[in-house]
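Chain lettering (A, B, C and D) follows the sequence in which the chains are written, and residue indices restart at 1 in each chain.
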Amino acid sequence: MFKRLIAERTGKSPWLFHINAGSCNGCDIELVSVLTPRYDAERLGFKLAGSPRHADIVVVTGPVTKQSLPRVLRAISQVPEPRCIVTMGSCPQSGNVFRGSYSIAGPLSKYVPVDVDVAGCAPKPEAIIDGLTLAAKILKEKRGRMN
Amino acid sequence: MTIVIDALQYLGYVLIFPGFLFCFLAGMLLCGIDRKLVAKMQKRVGPPILQPFYDFFKLCGKETIIPAAAERNTFMLSPLVGLAALVVIQLFIPVFGFTAFSGIGDIIVILYLLLVPALAMILGGAASGSPYAGVGLSREMVTIISCELPLVLVLLAVAKTVGGAIGTGLCFSLSQIAEYQEVNGSLITKISMLPAAAAMLLLIPGETGSHPFDAAEAETEICEGLLAEYSGAPLGVFKLSHAVKMLSLTSLFVALFLGGLGTGILALDAVLLFLLCALITAASISFVHAFTARLKIEQIFKYYWTVVSLLAAVSLALAWYGL
Amino acid sequence: MNMLGNILSYQHFPIYAIMALFLGSFLIAAFGEKRSVRNILALLSVTAALGFILALMKPVVFHGEIISYWMGAREPAGGYAIGIALEVDALSFFFALLVAVAVFVSGVYSIQYMNRDDNEKEYYTLYLLLCGGVMGMVLSGDLFNMFIMVEILTFAAVALTAFRNTVRGAVEAAFKYLVVGCMGSTCILVGTAILYAQTHTLNLAQLAQLAPGDVNTATRLAFALLFVGFGTKAFIVPFHPLAADAHGAAPASVSVIISGVLTKSGIYGIIRICYFLFQSMGLGAMQFLLVFIGSLSMFVCVTMALAQHDFKRLLAFHSISQIGYVLTAVGLCTALGVSAGLYHAINHTLFKGLLFLAAGAVLHETGTTDLNKLGGLAKKMPHTTALFMVGAFSISGVPPFNGFASKWMIYQASYQKAVESGNIGFLLVTIIALITSVLTLASFVKVSHSVFFGQLPPELANVKEVSWGMRSAMGIFALLCIITGLFPNLVTAYLTEPAAAAVFNVKNYIEAMGFDGSAAVQLEAGGFQHAGVWDPVSWLLVLCIALLAITIVAVAGKYGNVSRCRAPAVENKYQLFYGGEEQEFSQLGGEDLFWGFKHNWRGYFKFMHRLHSGVVNDYALWAVVDLALVTLFSLIVL
Amino acid sequence: MILLNYIASFFLIGLGFYAIVTKYNLVKTVIGLSIADYGVNLLLISIGFNPGGTAPIFTWSELDYNSFFVDPVPQALTLTSIVIGACVTAMSLALVIKLEEQYGTIDTRKIRRLRG
């Protein structure tokens, strides 16, 4: 019974940890706007956590610069299982306008398995919420596989 | 035979009402109501009322990472001790006429027992070895110091008022305070107790560490401070402790100032207690939360030792001269 | 056969207890070259002292007897006490028991603690001399003998403070202590001389018979001198900086004696003067004096402790703060108050001893007591940490440890006194006591974070747990802390209440020595009534049930779904979170904690820092000013 | 006459304390302690003094109710006190030597590593 309770609820309270890997701040602002009264992602249980230890979903923005890469990987590895990695905006997926620059190590998927990509520069809040709910579903599946 | 029945009865008190199960359900519900209310006040839809339960169960299902720098036993045990101490506090606080364990403790004991959960959290955080926890610990302790003076004044004022009325001079026993209110009506109807009640309302957010007095757990600046390294089930237990602490403090408020409203039927009383607690939560935690920003730690200290202490001191002075 | 029976009669046990310690000291000085001989002699003498004192429990506590013992059987002649006497009532017995227990445990600890020092022979000689001095002082029935013992213990304490004379500030601390301590001793001697001039006796019982009936300017002056003199021994404000200095440098086992026992002898002296010799505690002004100084010590020292960053110095300030509690409670002059104060005296000896021993263990293994240089020792010294936590919880009054039981009684006593006397000042005392308690907690949170938890500095990676002998000494104290906390009724019934009854029965004390006690002032003790309820055993039971239930649920709910680092190299996952950066050593130093509190009180802290200048002249000036004020006070009100 | 003794003894004690409080030289502090001690000794002796009394040394047969002698107890006390005073001086001088070795000065204002 306890196991089922846990498995059922996992998708309902995904906590986010946001990593800025060299972003221009556009996506960061959009992510915060998701929590404002207009979109209010908290109704789905989303919450911004302060520490990766509390998080379920890691949201990475920015093109993953060479400086930030080890730090991003370290922070991601500190998130307890089950976890979900979401790239937000085009930068961590393709490098966007920064592609080919000497200081870019991205895309992120070269280094860690990414679960959800939310495209756009910056993505619309609706798209972000959609991507996050998808991530929450994947999270639930991962939790189910853990048993 | 009677011993067995007695033992079972007390076990029931500890495990079901007003102990563990009641604390769990009511505390989590209070927390959910709080979050919903804050959302409503900010014109949001807000999370479902059962959201704290979801959070708790999710956390139970997650991996628990013990950092290499942490002292393992303290790190793992302190959440459990903190929660147990909170449940025990709840056992001392009378539910109107009914007290599960009346002969064990009084208000000074409550004052000290309220330190135990905070202490458990502090030690757990300290044992994790994180520097964020170090900052959080420092702030948490200063918050405790800040709340201590007004809380002491409030409790002494209540002790003097009830003691003066029943003729023993002073009365520290919670069950006697409850009995007095059963007979003479709620203490809040006394003029001398009004400032004390106001002070207590202002104290509840500080004691529970909710907005705007949550400098110790500021998630945006010090990564939730003491909890920075906690994950999984221990974190869930801490979140539960936070919820139960809300219940404990609000029901302490009910026991001190709103006693005597009980119906005498335990089940009804429990529901009434919960409703009153929800009301107080709405007034003292949610309302303040919705429109304030986080205070700096030295501001918290200054605020409690001046404004709130003054309110409580006025109450004590009034009680001293028998109003 | 009869001779042997006579020698083994309990009448002789007080002098045996004193002799055991002094004899041990002299024998070690003479034959203590070999370590084994030395250790055996030291252990034997402290054990013998403990045994003799414990054997006195039956006649003194259970039968309510007051043992009077005339040295050389020189009984009073012509109505005047000529010989030197020992007199053991329940109060003396109470303090003697504290001395014996602390001396025993500290002696056991010393054996392995001092093994790295040279001059161990001198250490034991002085140590036993100190212990014998304190024991002699609390058992003495003669004012001049008390002075002699005070001198012996002051000398031994000064010498032991300077014992590790390479430690920073050890000699300096010893010198300051010697100067102010000798001023105090001079005060005691002058007071004794004046009293002798007035009454022509030195016997305490006879003084108690004669002095209160003959109050004049001279005896008032004598009172002030004696009060200040014993105040220097108890280190109450304004003598607290000496304690801090002395403790910081002395070996931990000596700190236990200085804080746990030597300060108690000062308190004992004050009780004897105020309650017995002058019988002036019925006066509101005298109660005010004691309560005022007590509260001041309590509060000033706890705030000073918050500003410290040396482990032992911090403990020293706390020690005086707790002595403030004792003095305050004793000054309330009610049965509950005196009983609470004495209870706190027991607890103070136990938890302070434990804490000093823990500090000593840390010093022994790491070589430093600077809070800014320590951290994370819990992983290296788990037992020391657990024992330290017991002590820290006890001193901060966390239920169900012993500090709570006695503080709870002190709050009640002071509040009851406030309500009964209608004096709002006593209410303030209750509030100060409660705030002091939480500040104590804060400062021990600081210690536990910056010594035992937090991060381990790289240079302490090879620290080991201390040896079993030291751990078992700490264990005895910890066990006693828990027992006295869990069974407050037993402690009050068998230890503190008889002693409190003795305090309120001066007549018996006088008559036991064969003098006429009919003129003794009988103080109204008030009933022994609690305004609240506290039942630690049941509470613990309930807590355990709750904890058990929660643990079962937690284990069933996969609480143990734990992953932790097993490999010696730390993976990223098990490093601490630093906002993404690599883990580095960044322990928050003890000095930097509680900024939010200190910032608001910065004016106060700056002022206090300037006052505690460390110049011996300033401390001497405080002593003189204190003497002048107390003299003025006693001339006006006594 | 005896009043002068009392005045002198308290004057000496006061002088000793004055020296301790105001003099910044460690040796002078020690001297202050000694002076205070002498004051106490003088006080003790004066207390036991009976004008016209003989020395309190008697054989058993000589002692009767008419014998008039100075009080022997304070004299015993004085002896003890003198011994203690000598100890104080010896010990504090030893400490002064150590202090001089470690700090290189005997100025109290500079010997203040422990403060605050």
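One rule holds for everything that comes next: a residue touches a chain if its C-beta (ideal position, glycine included) is under 8 Å from a C-beta of that chain, and two chains touch if they have at least 3 such contacts.
Worth saying up front: this structure is predicted, and the values here are computed from it rather than measured.
S.K.: Which chain's C-alpha centroid is most distant from that of chain C?
M.R.: A
S.K.: Any chance you could check whether B-C or A-C wins on number of contacting C-beta pairs?
M.R.: When A-C is set beside B-C, the one with more contacts is B-C.
S.K.: Could you grab the centroid distance between chain A and chain D? Build each centroid from C-alpha atoms only and quote it in angstrom.
M.R.: Chain centres of chain A and chain D, defined by C-alpha means, are spaced 82 Å apart.
S.K.: What is the distance in Å between the mean C-alpha positions of chain B and chain D?
M.R.: Here the centre of chain D sits 62 Å away from the centre of chain B.
S.K.: So, what's the distance in Å between the C-alpha centres of chain C and chain B?
M.R.: It comes to 35 Å between the two C-alpha centres.
S.K.: From the mean C-alpha coordinate of chain A to that of chain C, what's the distance rounded to whole Å?
M.R.: Chain centroid spacing, chain A to chain C, equals 58 Å.
S.K.: Please list all residues of chain C that touch 2 or more other chains.
M.R.: 557, 573, 575, 577, 579
S.K.: What residues in chain B touch two or more of the other chains?
M.R.: 60-65, 132, 223, 228-229, 232
S.K.: If each chain is a node and each touching pair an edge, is that a line, ring, star, complete or other?
M.R.: Shape of the chain contacts: other, as it matches none of the listed patterns.
S.K.: Each pair of chains that touch: what are they?
M.R.: Touching chain pairs, listed by label, are A-B, A-C, B-C, C-D.
S.K.: Considering the complex alone, what residue numbers of chain C touch chain B?
M.R.: Residues 376, 378-379, 382, 385, 389, 397-399, 404, 408, 411-412, 415-416, 419-420, 424, 427, 430-431, 434-435, 438-439, 441-442, 445-446, 448-449, 453-456, 531-535, 538-539, 542-543, 545-547, 549-551, 554, 557-565, 570, 573-579, 583, 586-588, 592-597, 599-600 of chain C touch chain B in their complex.
S.K.: State the interface residues of chain C toward chain A in the complex, per the touch definition above.
M.R.: Those in contact with chain A are residues 556-557, 571-573, 575, 577, 579-582.
S.K.: Help me check something: in the complex, which residues belonging to chain A touch chain B?
M.R.: Of all residues in chain A, those touching chain B are 2, 5-10, 12-13, 15, 37, 40, 42-45, 48-51, 53-54, 56, 78, 80-82, 143, 146.
S.K.: Can you list the residues on chain C that touch chain D in the complex?
M.R.: Within the complex, chain C touches chain D at residues 144, 148, 151, 155, 158-159, 162, 165, 168-169, 171-176, 178-179, 182-183, 185-186, 189-190, 192-193, 196-197, 200, 202, 241, 244-245, 248, 307-308, 313, 608-609, 612-617, 620-621, 624.
S.K.: Which residues of chain B touch chain A in their complex?
M.R.: Touch residues, chain B against chain A: 35, 39, 42-48, 51, 53-55, 57-58, 60-65, 132, 218-220, 222-224, 227-232, 235.
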